[in-house]
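Below: one structure in structure tokens.
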Amino acid sequence: AGVSSGEIVLGTHLDLSGPAAITMPPIRNGLQMRVDEANEAGGIHGRKLRFVIEDNGSQPPQAVRVVDKLIRRDEVFALLCPFGSGPGVATVKKTVDAGVICFAPYGAAALIRKASGDSPLLFTANLHYDTTTAAGLKWTLAKLGSKKVGFIYQEGPFGDLVGKGVKEGLAAKGMALAAEAGYKVGDIDFSSQVARMRAAGVDLIVGATTTRETIAVAAEVKKLGWSGVNVLTASPGRAGTTLSIGKASVEGLYGIGGWRITPASAQGPALKRWSDSYRKRFNMEPDDVALVFYDYASWFMQGLQATGKDLTTAGLVKTLQASSFKGESSYETQRFKDNHVDPEWCRVEQVVDGQWLPRSEIIDPAKSSL
Amino acid sequence: MGAFDSASLSQFVQLGLQGISTGAIYSLVALGLVLGYKATEVLNFAHGDVLMLSSFAAWYFIAEAGLSFWFALPLVVLLAALLCWLLEARVMRAIVGQPQFAGVMLTIGIGFMIRGGTSMVFGPDSRSYPTPWTGHATTLGGAIVADLNLVIIAAALGVTALLFVFLQRTALGVAIQASSQNQLASYLCGVRVKRLNSLVWAISGAIAALCGILLAPISLVDLSLWFVMLKALAALVLGGFGSVPGAILGGLLIGLIEQFSGVYLPDGFKDVMPYLVLIAVLVFFPRGLIGEAHGRRV
Amino acid sequence: MSRSHYQTSYAEGRALLRTREQRLLYGALAAALVVAPFAIPTFYVGEASFIFIMCIASLGLMTLTGFTGQVSLGQAAFLGIGAYTHAQLLTLGLPLPLSLLAAAFTAGLAGLAVGLPAIRVSGLHLAVVTLAFAIVTEHVAGRWKSVTGGHSGLAVPDPVLFGFSLGGPLPFYFLCLAMLALVLWLLLNLMRSATGRAFVGVRDSEAAAQGLGIHVARTKVLAFVISAAVSGLAGALLAHQTQFITPESFGLALSLQLVLMVFIGGMGSLRGAIFGALLIGMLPSLISLAKPLLPSRIGSQFGLELFVYGAVLVFFVLLEPRGINGRWVRIRGALDEFPLRRRGGFRRQKAYMRSERG
Amino acid sequence: MTALLSVRNIETWYGPVNAIRGISLEVRPGRIVAVLGANGAGKTTLLNTIAGVIDPAKGSIEFEGRRIDGRDADAVARAGVVLVPEGRQVFTFLSVLENLRMGAFARRRDPEAKRDIERVFEWFPRLRERQGQAAGLLSGGEQQMVAIGRAFMGRPRLLLLDEPSLGLSPLFTKEIFAIVQRIRSETNTAVLVVEQNAAIALATADDGYIVELGRIVAADSCARLRERDDVRDFYLGGAGGHAAPGAAQAARPQRRGASWR
Amino acid sequence: MAFFEVDQLSLSFGGVRAVRDVSFEVAQGEVFAIIGPNGAGKTSVFNLITRVFDASAGSVRLLGREITGVARHDVVRHGIARTFQNIELFEGATVLDNLMLGRHCAPHGSLLAQLFDLPVVRRAETATREVVEDVIALLDLAPHRMSLVAGLPYGIRKIVELGRALVAGPKLLLLDEPASGLNPEETHELAHWIRDISDALGITVVMVEHDMSLVSAVADRVLVMEQGQVLTSGTPAEVQSDPRVIAAYLGA
């Protein structure tokens, strides 16, 4: 379904109104921009793309309804980067059961995969937080020589997964977690979590925190004048916005990166053109997240293109499984292995003078043995 | 035993101070709620959203328009007061006399509109702006507190004192309490009830704006700022609805409980402890810790 | 033709369908509901099942809030408890009907636990106690991994009855419809007998209720238990609808939606609960259907859904503070007296706030 | 002499219920005017309409030559027309003293207000004893005293009383009416009083109106009204207000269905 | 043993001694009135009898059974029903439902039976309805049967409340100022009803009342209270001529 002589219908559901709406604009814009570009270039094998975006409010029941709508009413051919672990887990089975491809959902990839019953129609491009965290943490422990590690995490699947990685990383070094402290989305104050870390005397805080909380934790550490400690944020906290909003308070912060952030000064001509085009389209500054989702969409378009005129679900699945991709946001070329992106390139970086600078090599967690 | 050696003592002081300064935020938000409730017996669920909107407005004036903080502060406070005045005069007034819950529903709707509207106008992403106190901290008795937190404590104290005097000592304040108890009788006494209600909402809006402006630099200008309303609600009920000192007490208690349970209890208790305490307290003090006298004569 | 109708026995006075017209009307409605799923696109069949589930939950809350006057801001917790119980028991192999019953029962027990403080606490204080309970429940659901699967969630087995799967859109539609009909019938019975009257009595005057021999505390707790049990049933069905349950499915947003349903529908009326669930339940879909009609500058703004949602709420509360049911009753009244009705009927008099403290 | 208050042909509705169907009446300065009528006749509605508590759908109300209909109740009160409403309506959580002070809210800067409180305490010594108590905890009669005292604190030129004797002891009912007369003679305040206790109302007032089904059916001086047979039958309980002992054994009167809607 | 006895009953609120050592006895079938100045403690005595307040001292007995310790909602099962000075009706319900609620103390089937509307419930409902209809007929409430209480005039509400208390089938009926707000004609009619209730239904009535015409018309005996204490008691005629009562209550 979803493919007619003149049109391919794609859909997604994002949190346009709920607690995660904050992070949605670059995601939506990145996806939309790639779709628009494809249409401007005459479509894919002559078929125009129609992209339907729905609001899931980060709520699973609501997500189930919009996915129903996308599948049954809009009859989409594929879902492109739907957002949220909860919504993803709740809807992926429905999606694949209806024969609809789910490409690069943004959320806990392992959980979504499990919920899908390991369906071949699901392609996950988002790194597994546990494996990358474990790899990044192992490198950091070796490099910084940290003795006691604490963990601040967001309650939810994201925090759980990073936590799993933290424990694995520590176990590999024969260490155990010295302290952990959770928080809820919407908490305004992280002093008690940091105080807990301090009371336990840790010298490395790992944060399963998104932008806002990463900044808050770093700022709290700075405020206390607590010098003997490093802060390492797992993937989503290591973003461009952390710098632009956090400013001085995030100086010195470590982060595990899952994609390349290229400072404006170092951008090549292709990236510059992309940035200008983005600015023009959306009247706002592009950021790394927008580029990541633009790249995901590109990978998908590449698959569509390569499948050829005779587009079927099975055909596309086959093409994607055999495809490889390197975008401006990828560290290195990646492909799909068992429908999951491989290798899961990651890198430990640090904020220096308001920029993420590489500290480690590019790591393949599957092979990392530090 | 040495359980209170100097290190743990200074940690204790640090937690206490931090608890008080977080609690002061809750108290300040709760105060705004109490005030609106006192006059119109409407629990304003849009209060947190006014607070959130104010922080966006402050960001706009300071970071975008480049006004100085000291100019933006009164401006935003004034605008928020105006907004709330209009809300009362144009919207809330239409359901006077309807069951109390109609007001709650209406403000929930208004809250959604404000949140949706803010996100439509400004976009949903978070941002920040500088204040004169950003990045400064003070050492007090071995504990370190951000200056901004001290300012918030001072603001909470100041607002409380003003409100207390206003409500208890001035004729207008007594009239506010009177109209909430019996609006009809208040009209019959010649009180300009409508204007008074709008005024109270305006003051409450001003307090929300003050909270928003002071809070945003700590937790960023963000759509989820309204969440603080939930904690304030808990504070309000813990202290006793409709009581100014109750709101302060409740807010501080919740702040302290969070801090101490965050460090001294196993992980996971911090977030639910305030609510567990709340339920326990209400079972023994059904009207909150310093709730109003009750009982209707039959 | 006059609609007046003379009753010839007391039993007739409490019959559910009193007049011929009513029997015809509701008969037609029932027939339509049975035929409809075969005639409409599958997407709408799924939507209808969801609305039925919301109707059940809304009826549950109406029992508590609309009839007994106890506001609950944490109703979603009971749905959650029902959903988790159901998912676990189904996984253990319990047959569907028993598991549904057990879900209602467990939620009812939780209702008992929350109801006990409610004996002493009232009004907004109670509302916040229930809110606190829901926050704690959600938290526990996230942490108690062995039972709930934590934030990773729990898969819900397909509903199977006598070896026949009810998971597909059509069978599930009829499962939900049947459950709704059952719950509605039970609650209608309850509300027209002594316990239902006692609920209203406790709501309107505790002093008088006590004087008439109503055990106020027990009645309040009973309302909590019944309301929670009905909500638990709704939760169990909702679990099938989402097929995978996570704690955030049962958060504050759902609780607020339920409160909005009973209020916008019209307090103190089962019909109101259904009206409210219809409106609030369909609103997100309606907004999403209407979005393509908007100019894309506005249609693509973030927060548009929330804004429109809020605006519709505000519109309805302002239009009819007593709920859709209130308007329904007035319109019906106006039709009944049609030629005799004089002007001024819909004009609103000045009104004054009456304190509910004390 | 021109009228202090003149009500012309007002009509008032509660949604679909037409409670007043065209009433006109006048109160001249310094006069006490009584309004009598069965339950549900529309007396309370009449007073509420004059006081601005509800709006008339038709007709005009003039006070001291100025239109007051359609204004809000607070504006009417400040104009000098103060209502003691049905059901007392005290501020339950405020003390007796604060209740009285609220009565003088519109003239809270007037130094005379203090003296007026003394005066109210003189009339109602019981209130002086209870001045610190929350008004909601007072007995029914005590609350009535608070309501009347509070209205007086507004120094009205026209006082509207809705069943002031409701729930008061016989002695106190007499006192209230004596006080009403005192207020009138000391301050030349005109009074419009609605009363079920027709005997005492007709004895105190100068002029009287009788309302039935939202219309005036009789208007005259009280002296003449007292003489009328129908008034005696219906409003004075047949024998000057006090049914003789044993009257209950008399034949049961047929209820006049018309006055019950 | 007297039918109904109140013995040395006392109540204080903080410093205010609202009721002090009040004792009286009422015989079966009697109409007994309590009068006294405002704030004398009459309503408080009613509230003590129906257990709204806990007495500081003293006891209340009906047919020799102690009432002072029973739960509030059990008072009616001991045969005592009351009305309230400020009318406590269920505003959101119809007159019929208000009256049906009056009979809550009668058996009405278990919760499960109610949920499934079993025959036992239907029978109980019909039985209740029959009692209610009798009262409706007695008090001429038929035209208002289906009206919402909230829109009724004051006088009708008073009667509805009286009816609700009657439906409970009490042995002892407490009426708090039943005639307040009624005009003389209606009061006159009320007098008949109270007599009917007492004579025809055999219910003992204790009422608090300020309208002496009603008291004279129906009361067998009168108790006069002042400042929480018993001032005197006697027949209506005796009491009305007592100089202390005239000074404190009736006025010259």
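Order as written gives the chain letters A, B, C, D and E; numbering starts at 1 within each chain.
What we mean here is this: a residue touches a chain if its C-beta (ideal position, glycine included) is under 8 Å from a C-beta of that chain, and two chains touch if they have at least 3 such contacts.
Just so it is clear, the structure is predicted and the values come from calculations on it, not from any experiment.
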| item | value |
| --- | --- |
| Shared chain contacts [chain A and chain D, defined touch] | B, C |
| Chain pair with the most C-beta contacts | B-C |
| Centroid distance [mean C-alpha coordinates] between chain E and chain C, Å | 40 |
| Chain centre separation (chain B, chain C; CA means) in Å | 32 |
| Centre-of-Cα separation between chain B and chain A, whole angstrom | 35 |
| Centroid distance [mean C-alpha coordinates] between chain E and chain D, Å | 28 |
| Residue numbers of chain C (touch at least two other chains) | 139, 207, 302-306, 309, 352, 355, 357-358 |
| Of all residues in chain E, the ones touching two or more other chains | 52, 84-86, 88 |
| Junction residues of chain B, two or more chains touched | 116, 119, 123-124, 181-182, 184, 187, 268, 271, 292, 295-298 |
| Complex contacts: residues of chain C adjacent to chain D | 341-342, 344-350, 352, 355, 357-358 |
| Of all residues in chain B, those that touch chain A in their complex | 11, 14-15, 18, 22, 25, 116, 119, 123-128, 135, 137, 144, 146, 215, 218-220, 222-225, 227-228, 258-259, 261-263, 267-268, 270-271 |
| Complex interface listing, chain E residues touching chain D | 13, 16, 35-40, 43, 85-86, 140, 143, 151, 153-156, 177, 180-189, 191-192, 195, 210, 212-214, 216-218, 236-237, 248-251 |
| Complex contact set, residues of chain C against chain E | 10-11, 13-14, 186, 189-190, 192-198, 200-201, 203-205, 207-216, 222, 268 |
| Chain B contact footprint on chain D (complex, rising order) | 51-53, 72-74, 77-78, 82-83, 85, 89-94, 98, 101-103, 105-106, 108, 134, 136-137, 150-151, 154 |
